[in-house]
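Scrolling down, you'll hit the structures one after another.
Two complexes follow with subunit A in common, the first pairing it with subunit B and the second with subunit C.
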Partner chain A sequence: MKRSGPFRLCLAAIAMVIPAALIFIVLFLAQYAWQAIFYNGVRFVGTINWSLGNLYANPVVSRGYHVPIGADYGILAFIVGTLFSSFLAILFALPVAVGTAIFLAEAVPARLRPGLSMLVELVAVVPSVVFGLWGIYVLAPLISHDIGPGITAILGFIPFFNINNSTGSGFGLLTASIVLALMITPIIATTLYDALLQVPRELRESAVALGATRFEVVTKTMLPTVRVTLIGGVVLGLGRALGETMAVLMVSGGALNYLPGTIFTPISTMASFILSQLDSALQDPTNMAVKSLAEIALVLFVITLAVNAAARVLVRGATFVRNL
Partner chain B sequence: MSATFDTKGKRSALETRRRALSAAGWVLCGFAFLLIAVPLLDLVLTIAIKGASAFSIKLFTTSSNGVKGGLLAAIVGTAVLSLGALIFAVPIGVGAGMYLSEYGQNRLGSVIRFLSDTLTGVPSIVLGYFSYITLVIGLGWQFSALAGSITLAIMIVPYLARITELSLRRVPITMREAAYALGAKDRTVAFKIVLSAGLPGVITGALLALAISVGETAPLIQTAGWSNYLWTGKLTHEPIGYLTYVIWTFINQPYKSAHALAFAAALLVMLVVLAINIGVRIVLRRRI
Partner chain C sequence: MRSDFKLRRSTLLRAGAAALLVTGLGAGVAQAANVTLVETGSTLLYPLFNIWVPHFEKAHPGIRVTTQGTGSGTGIAEAISGVVQVGASDAYMSDPQIKQNPDILNIPLAISAQAINYNLPGLNNRHLKLSGPVLAGIYDGKIGKWNALAIEKLNPGLKLPDHKIIPVHRTDGSGDTFIFSQYLSFSTPSWNSSVGYGTTVSWPAVPGGLGAEGNPGMVEALKQNPYSIAYIGVSFHQQVKQAKLGKAMLLNKAGKFVLPTAKTISAAADQLVGKTPKDERISLVFAPGADSYPIINYEYAIVNAKQHNAATAKAVKALLTWASTKGNAPHFLKQVEFKALPPAVSKLSAAQIAKIH
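== the complex of A and B ==
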């Protein structure tokens, strides 16, 4: 048997399309954003003001580039919005996912397990725009009328949790975080569920023999052995939350140039901002706005790349594609 | 269980507390499951009820004018974009998966696998922006069916490669050995033996990829644009409509008719996505 015939080379060439696509994405984004990177410098990630400038006046030369008068591209508010909403989403999703995984792996009769675990998996396949629709129609009113006033009644003495300090529309940080949490809970839960089913039988039996209750067996002997996988699942979920666009765009309220003062305040994330601003950025005759958006895409790409690489190191063989 | 050692038949305070804590723990776990299951059921029911009430013959035979009418153009557009994506993605995805499963047990294989997973993790909005600057502006195709399809294809190729690899790997090694022993060449073994034995898995992958394309929105907004009119068959220089765009924009309009269309579109998308995902899972479980 030959080591490499023409057929194998042919297949290898096809397989190389995937790495090539990835490299093309980085190169073209970087090449397109190049001028913006130099024009914006560090202020890009360090300042809050995003302004296209006066698009009707003649462009001026600023820092060596033609840009509209008063143009300023600072994305700190969007970085904060992205990190804050993803952090809250993980905060909500983690306990729910752990509970769900334990419930499915240990509490449910084996007969019901496939059906119920499929239910959880299905949450992960709901298109993000449909989550957004549900968020607009169900969740935002719920937060505006019930959950928000409820939180205010309990924690209202802290300005950050008081809905009266915001517009109270129901579109904002909390709504976006809850929708994101719904989207990433199944990712964390299924990762943990798979790992719990793999825990060696002996470990469980030893714990039972020592007199542990069944719940103690799960929390004190099984969970510690799958701790690393759990962290990996969380990081995997984080990667999804950071790059989520549609659902966040639809329920976040779309803030521009301010940091969230309460959990009910509208926000923008980097991903949602790229999409919502493309139309207005195209009005800029100097193209610097569109190039700055490309720079946001590049920053987002680098962040998710790092996060996903970390997840992969933590969960051996982790992929977004589950072995069904 | 531990109570069997208790001769007095009474539990110590510590044991009572442990049992109470455990019971509370189980209740919390069940509650956590409800927290994820109830929103899903509510979402499905809301969209089913609101969407179904907007269904009519007109919905499938006319196109929308922006606030009312039907979804014909969007349905055709979604079909064109998703099937177009499959045409590009299946040969590449299946070929790459075949390489990884048959000859990929080496350094190059692991590198491709790693980068393929990385590509899966790239936010779809970033892919959309990439396609926007290369295809829509760079090649001057403008918002078009071709730009949209290729963008979706880039998204689903890594899924297809991974699922193909996993399903081809399950084909027993003895089948390959038997074929080689009969004098079969690499190509014959790969296509006639391995691929035909692993075909159900590959079809599964293609179906799941189809479900992903049908539900995708953000990258299409940047590459396919939007059009109220039925697709005329032009691959470039003509924007094309799709169902997910209807969901996104029509819900923000002040008209009842527009909202009804948004929910109808959401129901159509959910029907495709859920039918594929539930069907695939049921078939796979029955086989195992």
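== the complex of A and C ==
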């Protein structure tokens, strides 16, 4: 067969665009944040105090760099807020998503399926700011007045679940996690649903022939076959949750300088913090504040990468177990 | 043959007319919009700019102005980088920033003030008396409850609830945070040394504290959270009134409690007009005088004195001159509760505007 050189070249060039863009973004971030990385050192990820310092006084030289007096960049609280809210979101989203996918693939008459699955997919395209608005006006008051006191009544003996240990404003970890869960549920549900439809008919039929109940067909033959896809869907959802900015900013309560003591306590996530601080950081004449924000972006990138890598290991493990 | 000629002539005529019309239209369009100015920045000034712009454009057919509310920090940064011609800011630029950008001018366009609002069930119709040190105590967590001794002392005879205080602060960079933290810094030495002032400050970790986005977010946070307190620009007085929130009397430098009114805001401005330097970068917070309301500020246009070309420079000058004179008419400012610049300050602004080229 004859190779068509120019065609291949074109394809290769187009295929390179996305990885190249990614590499350029990372290189830009690293180069831009360079001074901040050296100035902040490990304190950056190990302490919880964030202060731009006195932007109205003359900068001083500290650790070899010009910075505003009192500048202190510690992002541990934002890392904790990001991871907590994202994993809680997965915890909420997973059962709902799996249930939805199974329902769509198994329990719904075939002619209703396209319509219903489209509805689920529609939730995935709702702009995050809309979820944020809903969070402010519906969810936060609901958590403050009903859900929060309810959880406290049952689990209140554990300080972490007691709303009275926070202001109980409704803005905080739980609200942010629920909003995130809503955003990622359709992502997980649709990936899983598509995979469930691909499960070979023979597999199901043989399970039924062996006398399996419907429940057993789903849990013992179908779900194990789509395990890898499920993990993939969760990783996609987690990626979205870790990086979500606007919706979280609107409902998280914007915590600064402390770690969440309860699930009702305000938090800040890394992405939302970059957005909320950028305006002030721009006023720093030394630029160290903006560079430190770029460093947050870099750390967020590394965390997302680590989560992806971990998921790959999981997928490999799952495939391995299945092949045993 | 004759009809043929006729046809040709009429076609020619029509074509000619069309060509004329097109050139005419083109010239008209070019004249109607030969300069477009972009304004961005302070969300407090944004509503006023939106009221101003249609009137300004009507009076200056050659100039178009687009407005954006993005935050004071962005306003300053984009005016410096040249992305926009006019940056709007509630805060003046710092000395180090001016040193780096000596061509940037800070030109006051109006005077604004800030109210301390709260949501205290049953007491929102009463004006609570508060002072800088007490507010500093609330915002750094030393005063945790509404019936704390320090608050009761200022409000004898008032039955204050035994409930945790929810202090609300802005999470975005904000001129409101700037003047509020200045009031705390200027009135309370311990706040000044531990937190200081700025468009964002490192808020002490008050476990009950709450962050909100923008002035609308502050109003919303107060509305939804009984026993909360927040600082809100006076241009949001309508929303505050609708939400039936309380408004505090603040202790001024002379030791008197005052509400933000036309009289007290003007009184405070009058105290500092004489002290306003030529570059007009000065804080109006915590002014002396028995009638002075303690939290007021100049609303600034941040402008590069060196514009790209003469036409743009002329348009910027026209806009700022119009805004600080005709735009200061009461029927404009009343809508956002701003106050006009005193004549002496208008003069200083005019001198700065004249530097734009």
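To be clear about the criterion, the second predicted complex is superposed on the first by the 284 of 324 C-alpha atoms of A that agree within 3 Å, B and C clash if a C-alpha of one lies under 4 Å from a C-alpha of the other, contacts with A are read in each partner's own complex, and residues count from 1 in each chain.
Quick note on the criterion: a residue touches a chain if its C-beta (ideal position, glycine included) is under 8 Å from a C-beta of that chain, and two chains touch if they have at least 3 such contacts.
Given the structure is predicted, the values throughout are model-derived calculations rather than measurements.
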item	value
Touched partner set for A:281, first subunit B, second subunit C, both or neither	second
First (subunit B), second (subunit C), both or neither touched by A:96	first
First (subunit B), second (subunit C), both or neither touched by A:144	second
Partner chain(s) touched by A:122 [first = subunit B, second = subunit C, both, neither]	first
Partner chain(s) touched by A:136 [first = subunit B, second = subunit C, both, neither]	both
Larger contact residue set on subunit A - subunit B or subunit C	B
A:237 touches, of subunit B and subunit C: first, second, both or neither?	neither
Touched partner set for A:250, first subunit B, second subunit C, both or neither	both
Intersection of the subunit A residues that touch subunit B with those that touch subunit C	136, 249-250, 278
Subunit A residues within the subunit B interface of the complex	1, 5, 7-8, 11-12, 14-19, 21-22, 24-25, 28-29, 32, 95-100, 102-104, 106-107, 114, 116, 118-123, 125-134, 136-138, 182, 185-186, 189, 208, 211, 213-216, 219, 239, 242-246, 249-250, 271, 274-275, 278, 290, 293-294, 297, 300-301, 304-305, 307-309, 312, 318-321, 323-324
Parts of subunit C lying in touch with subunit A, wherever the complex brings them together	70-74, 76-77, 91, 93-97, 99-100, 164, 166, 171-174, 196-205, 207-213, 220-221, 224-225, 228
Subunit B residues within the subunit A interface of the complex	1-2, 5, 18-19, 21-23, 25-26, 28-33, 35-37, 39-40, 42-43, 46-47, 50, 91-92, 95-96, 98-100, 102-104, 108, 111-112, 114-130, 132-134, 138, 154, 157-159, 161-163, 166, 180, 185-187, 190, 204, 211, 214-218, 221-222, 244, 247-248, 251-252, 262-263, 266, 269-270, 273-274, 277-278, 280-281, 284-285
Subunit A to subunit C touching residues, read off their complex	49-52, 54-59, 70, 72, 136, 140-141, 144, 165-167, 169-171, 249-250, 253-258, 261, 265-266, 268, 276-283, 285-286
